[in-house]
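Heads up, there are several structures right after this.
Okay, so subunit A shows up in both of these, paired with subunit B first and subunit C after.
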Partner chain A sequence: MKHLDYYRPQSLDEALALKGERGAEALFIAGGTDVMVLGRQKKLDCAALISLRGLAELTQMKLEGDTFFLGAGVTLSRILNSPEAARHLPILHDAVQVMGSTQMRNVATVGGNVMTAASSGDTLGPLLCLEAVCRLVSAQGERRVPMHEMFTGPRVTAARADEILLGLDIPLPTSGDRKSSGCFIKLMRRAALDLALINVSVQLWLDEAGETIAKARVAAGVVAPTPVRLVESEEALEGAPLAEALKEQAADHALGRSCRPRDSDRCSSWYREEMVRVLVPRAAGRALNRMGIDAGQVG
Partner chain B sequence: MSHQGYVGRRLPKADAKDKVTGRAAYINDVARPGMLHAKILYSAQPHALIKRIDTSKARRLPGVRAVITGEDIPDIPLGFKQDNRPLKKGKVRSTRDEIAAVAAIDPEVAAEAIDLIEVEYEPLPTVFSPEEALADGAPLIHESDARGKPNKSNKLKLPWRLNCGDVELGRAQSKYIAQGTYRTTWVSHCCLGTSGVIAEFDLKRNLTMYSVTQIPFLAQNDYLGALRAMGLSDSAVRVKCQTIGGGFGSKLDTHCYEFIAILLANATGKPVKIQFTREEEFLAQATRQPTVMEISQGCDHQGKLTFREVHMLLDNGAYTSWGATTPSVMMVPISSLYQVPNVHFVAESVYTNNLYAQAMRGYGNPQATFAVESNIDQLAEEAGFDPLEFRLLNANQSNTLTPQEFKITTCGASDCLEEVKKGLGWQAHKKAKAQGKNKSAEKACGVGVASLIHVGGGARVYRSDGTGMIMKLDDFGKLKVFTGAVEIGQGIETVLSQMVADSVGVRIEDVDIVAHDTDICPWDVGTHASRQAFVTGNAACHCGRALRSKVFELAAAQMEVEPEDLDMRESVIFVREAPEADGERVPLAQRGDSLPLAKVLRKAHFAKQGEMVVAETFYDPPNEMLDKEFKGNLSCSWAFGATGVEVEVDLKTGHVTILKYLAAHDVGKALNPMLLEGQIYGAAVMGTGFALSEEVKLNQGRVVNGNFLDYKLLTALDKVPVTPAIVETLDSAGPFGAKGVGESGCVPVAPAIANAIYDAIGVRLSDLPMTPEAVLAALKERFPDA
Partner chain C sequence: MRQVIEFELNGQEVSAAVTGGQTLLDLLRDEFELYGVKEGCGAGECGACTVIVDGLALTACIFPAREVEGASVTTIEGLASAQGELHPIQESFVNQGAVQCGFCTPGNVLSAKALLDENPSPSEEEIRVAIAGNLCRCTGYTQIVEAIQDAAGRKS
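Presenting the complex of A and B:
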């Protein structure tokens, strides 16, 4: 690994000042589970690292009214061990559970996962489905970018070079007595320490009668250069009776536009495509289960 | 021998505490004063002429002490066919080819210097499969053999051909015949400790190698050969093995990096360390031998096997290590798994521009058994037999001679199959399947079984299968046991201590194993072929007997009894029988009188004309080298086993989950059931990885997944629910009745899983690994309308 300058600011302001000074040649590092790997692969294109670890402003996780605030520096382990996250955001909790290993989850952060912006980033699909909003701060102040506008290209985000991701505002899906739940499924070659071959996230909101799907959010990873919402699939589900969620046709709609998996050394495109078709209804079925609906009977 | 009962007891590994507390010093932890660190430059091309190497920038980098290329070193031929060199000169034949090396003050500077070396290549046409390599006009990987004789093709001059009985006759006698083609690929040993070495010359130019080898004494010979080539004919070599983080066969050969360390140590006059990164381990550590296997077998109307014919094509890669010799062990299951009268086996190794292969746990047996046992299932189905009953019908039996002339003395093959049948609930599953109850819309369950035969009583793969042992008792009754065996995690030092304590009659706390040093320990041919418990155990029995008689002679004199009257348990010597009065002399000792061993020893040392108590043995088992026809009793006892699994296949994703795993092993005698189970668990996970997930992927000769993210080694969460079943046949050739078991467990795993997948979904997977994608593709091909 090449020699880099390393900064360990003690406050958000100090971090912003450093970034202002070094600009694009400095890269933020939090848990380091992505950055250090790139370093070993000699793919780290920067002259300095600015550590965000332990900055108080970034490490909050709290439920305020109808909004769940997730600081960018919150580790995956903290999410995993949070009863509130498990209760209100099962879709995100699912994802964190199957990321890396215990040791990695102890240092890896949700902000790091967002800012790395890999198509395979496991928290990204859930955050897209939950319609999270990224809070970006710079010397100029704060800017709010919805998740679905965040990923502009492979490993590229809408954040400017002088901005730090402060955290994510997640509107509680169950606010206002709406019945909602979600599920995340990651296809792996082994039970831990693996990147997704693909991942699929589904969040469903029911109508008041609990008989049709009022709103659906569906996302997938490793099917396109960035994590994507499968909008056609959402449209197919919305307004549909519950049974529709469990049919593979619901997923078929997704394969037209946003879903463009490719062949890689890890997996063939046909398999990825096929798995979207299989996993979207599976995730939908489990989301229904979580709302106390017997998916077996519905299907 | 004393019946203290250490043998058979569940004792934890002697080195476990050191390892879990971080005290054990692996090669990574070891440093020598003034030590330099070296890095290696590997080829950027799979097949090319080296037109120019410019090392001037690397040499100028501050902190660099030496840079060497193939041009700077004497000719040091390496490997089984002597076709490899520590650093390649003029031409590269694969992307793992070492072409330059740097010694520097730290690993970072060495790595930086490596990046400064400029190499100009002239690419040559490439071949990446044995089929391509055999095609007309294929480029020659090696223009000549080790003797300088021009090569006409890429075929190795290493014909493996076994002929037993008359296969054509067997074919004619067959009512049913099944055939298949099976393929296995490159897999890595994945030792958690990566390869490493420190080479150090003293001022007399004697060499010490701080090493991780499994073959210290054969390695010593290889290093001496290199020293001779370097003009250091009078130098001696001492090999000191460090704590070894896994072997699995990867350390059965000497490797290029070890010689590079020697060359750099010689060039700099300093100790030089090479420590592989994980990426390097995947690239430059040779793999398991990949195979293409065509098999056919037949049986008569009663289901009795009539013949077996196997043709293999082996991708040798660019150089020849032990991989090319694995057919010698592939023959074991091919000729002798089940009773089959007529056998024909041919294997051919072919040079390509790929990675080369070496020894790996089972030494070809897992590959060959994958073909044999998958095909046995095909044949059973063809003939209308239940696969397990078909195996029982043809199972090996005690006191039989196999077509390859293996003398099977004890055999627990049928018992192992019965254990699987019972433990897996075989019949209940078959009943459920007949009623269609093993399936839902999304999942299907199936059971499968496969057996194994492997060497269990040493293996005469070299002219000697011997091992030396020295036992020395000190003043205080402590027993030092000097052995050439290498502890590679298998637990030999623990099991050996148990056998020594029981052989001699001392407390196990008083036994201390001294190993890992060629200057101190007696010669041993190597830690391979599941042989150490067997050979060192027998050596311990012989050596222990000699030591006991010396002790009894001393004690008898001190107690004024006959040595035959004495016994020793837990380091106390006692009179077994009351000595008879001899005329007028009244014996001093009587039945039950005793002396502590330490007291006897001190008296012996301090007596006038004192004595020391040392015994030595060289044990070489009565087994035979294969003759020119590849026949003979390679091992003096044979290990058997059967593995049964129940799998659940996700019909939509192709994902295979193992629900039950029953591993039955005929081990002769369980010397230490805890360690034995450890071997079985480890082998199950290694075998399951081989079956389902592990594969070094090559694209145009380049490793594309050389890291633990993309090489799918199974994790602790990928639970393989192993239930071991131990069958004890008490083989009289073995120490305390034991057979070797180090490799057996991973032999039958892949075919057992493949057979279970077939049972579940009616699709036979013939290529490893059986990934979810491969399973689903096979399902879709077989049932396009489903």
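Presenting the complex of A and C:
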């Protein structure tokens, strides 16, 4: 790995030009917490690294009207320390809190998590539930790909190799008068520095009266080759009175077509399925709690 | 392709010729002979190689050396005074019995320093979060947490 060329472009245009020159033999690197680990394991198949760390375009995090823009180069620590992220996007904030360690969060970026596209990627379920849109930039211009079209296979995204993820446009869940909140739960064997056995994300929107669930987004990781939305579970929740969200019966729908966990040396598929059933209603209950609804009473 | 970079290392301006894939860990140990930067797992998971770059604790074993160009880097060697007087955090670690085999100590002390520089009176929970990425096989962590509390108390 030592003999790689290493570029530190200072603008998006410069980075795209370098990628144009070096083509397939160059790989982008942001925080490097995935890239450098692969490099040390001698699994990195490239002749050059193009660092995205100097690109000011990628490091913004700002609320503009009803959209929260999260630059791909924003580190997990910055999200963790952002009061705005905690307030408007608690589902994402939950995830960042239980990722890696302080040292890892200080360098790892949200864009790197998306582009690595691991089924266990902890920001991915929250971003799916928030219906984030990926803004991909190349020499040909910018295109927008919704999160649910982003993950096309294990560690494969809809982005082309010459595209840089500029950032994510996240529509504010609480825009207008709608009440909404979400919650992310990660099942781990230890409290820090562990990949998820499974993770579950639930975002709920209430109707105007606050009595039924108008819209639900449910996602899970490590239950399929890619992070997935649990569409059957969403359908079961939508239109239901609040109490339904907490019932195991509703959770059974979570084990729909997209949820097909496998056995691994970390845990069995049986256990993963059982835990999806437990964690979907638990996350829904906490989301309701966050909207000031006593989940204990409703269910 | 070697590239000469300049950066600040423990308060001094230095330069070094680095290669593209070189890690900060290798640069600090091999070129600057700073053996207080330990290599445990080499994969970002144990924290033995923790250093502070521009105020942030990070694991040098998976950090590209090229990226410290223009930055300020602190290793454990940068904490004691030139006269050999220990930094207050180091003193607390010694006094509280937080150093046993010592392999994790540089990393834990630097994680503590990054925390206390940012937050001079952290709660126990905040301390535990700050060192969650620093594995210790000897102490059981209690003494380390107490040492950091002690150091915070002395500073304020």
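Criterion: the second predicted complex is superposed on the first by the 296 of 299 C-alpha atoms of A that agree within 3 Å, B and C clash if a C-alpha of one lies under 4 Å from a C-alpha of the other, contacts with A are read in each partner's own complex, and residues count from 1 in each chain.
The definition used in the following text is that contacts are C-beta pairs under 8 Å (C-beta built on N, C-alpha and C of every residue); 3 or more make two chains touch, one makes a residue touch a chain.
These numbers were taken from a predicted model, which means no experiment stands behind them.
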>> According to the stated criteria, A:271 is in contact with first (subunit B), second (subunit C), both, or neither; which is it?
In response: first
>> Applying the document's definition of touch, where does A:8 land relative to subunit B and subunit C: first, second, both, or neither?
In response: second
> If you stack the two complexes on chain A, which partner ends up touching A:129: first (subunit B), second (subunit C), both, or neither?
Replying inline: neither
>> For A:192 in the superposed arrangement: first (subunit B), second (subunit C), both or neither?
In response: both
> Given the superposition on chain A, which partner contacts more residues in subunit A: subunit B or subunit C?
Replying inline: C
> Where on subunit A do the contacts from subunit B and from subunit C line up?
Replying inline: 101, 191-193
> Where on subunit B is subunit A touching in the complex?
Replying inline: 652-653, 693, 697, 699, 704-705, 708-710, 712-719, 771-773, 776-777
> Taking the complex as given, what residues does subunit C use to touch subunit A?
Replying inline: 1, 3, 19-23, 42-45, 47, 50, 56-59, 61-64, 66-67, 69, 111, 114, 129-134
> Where on subunit A is subunit C touching in the complex?
Replying inline: 1-6, 8, 29, 32-33, 36-37, 39-40, 48-49, 51, 53, 77, 100-104, 106-107, 191-193
> Contact residues on subunit A for subunit B in the complex?
Replying inline: 101, 187, 189-195, 265-268, 271, 274-275, 278-279, 282
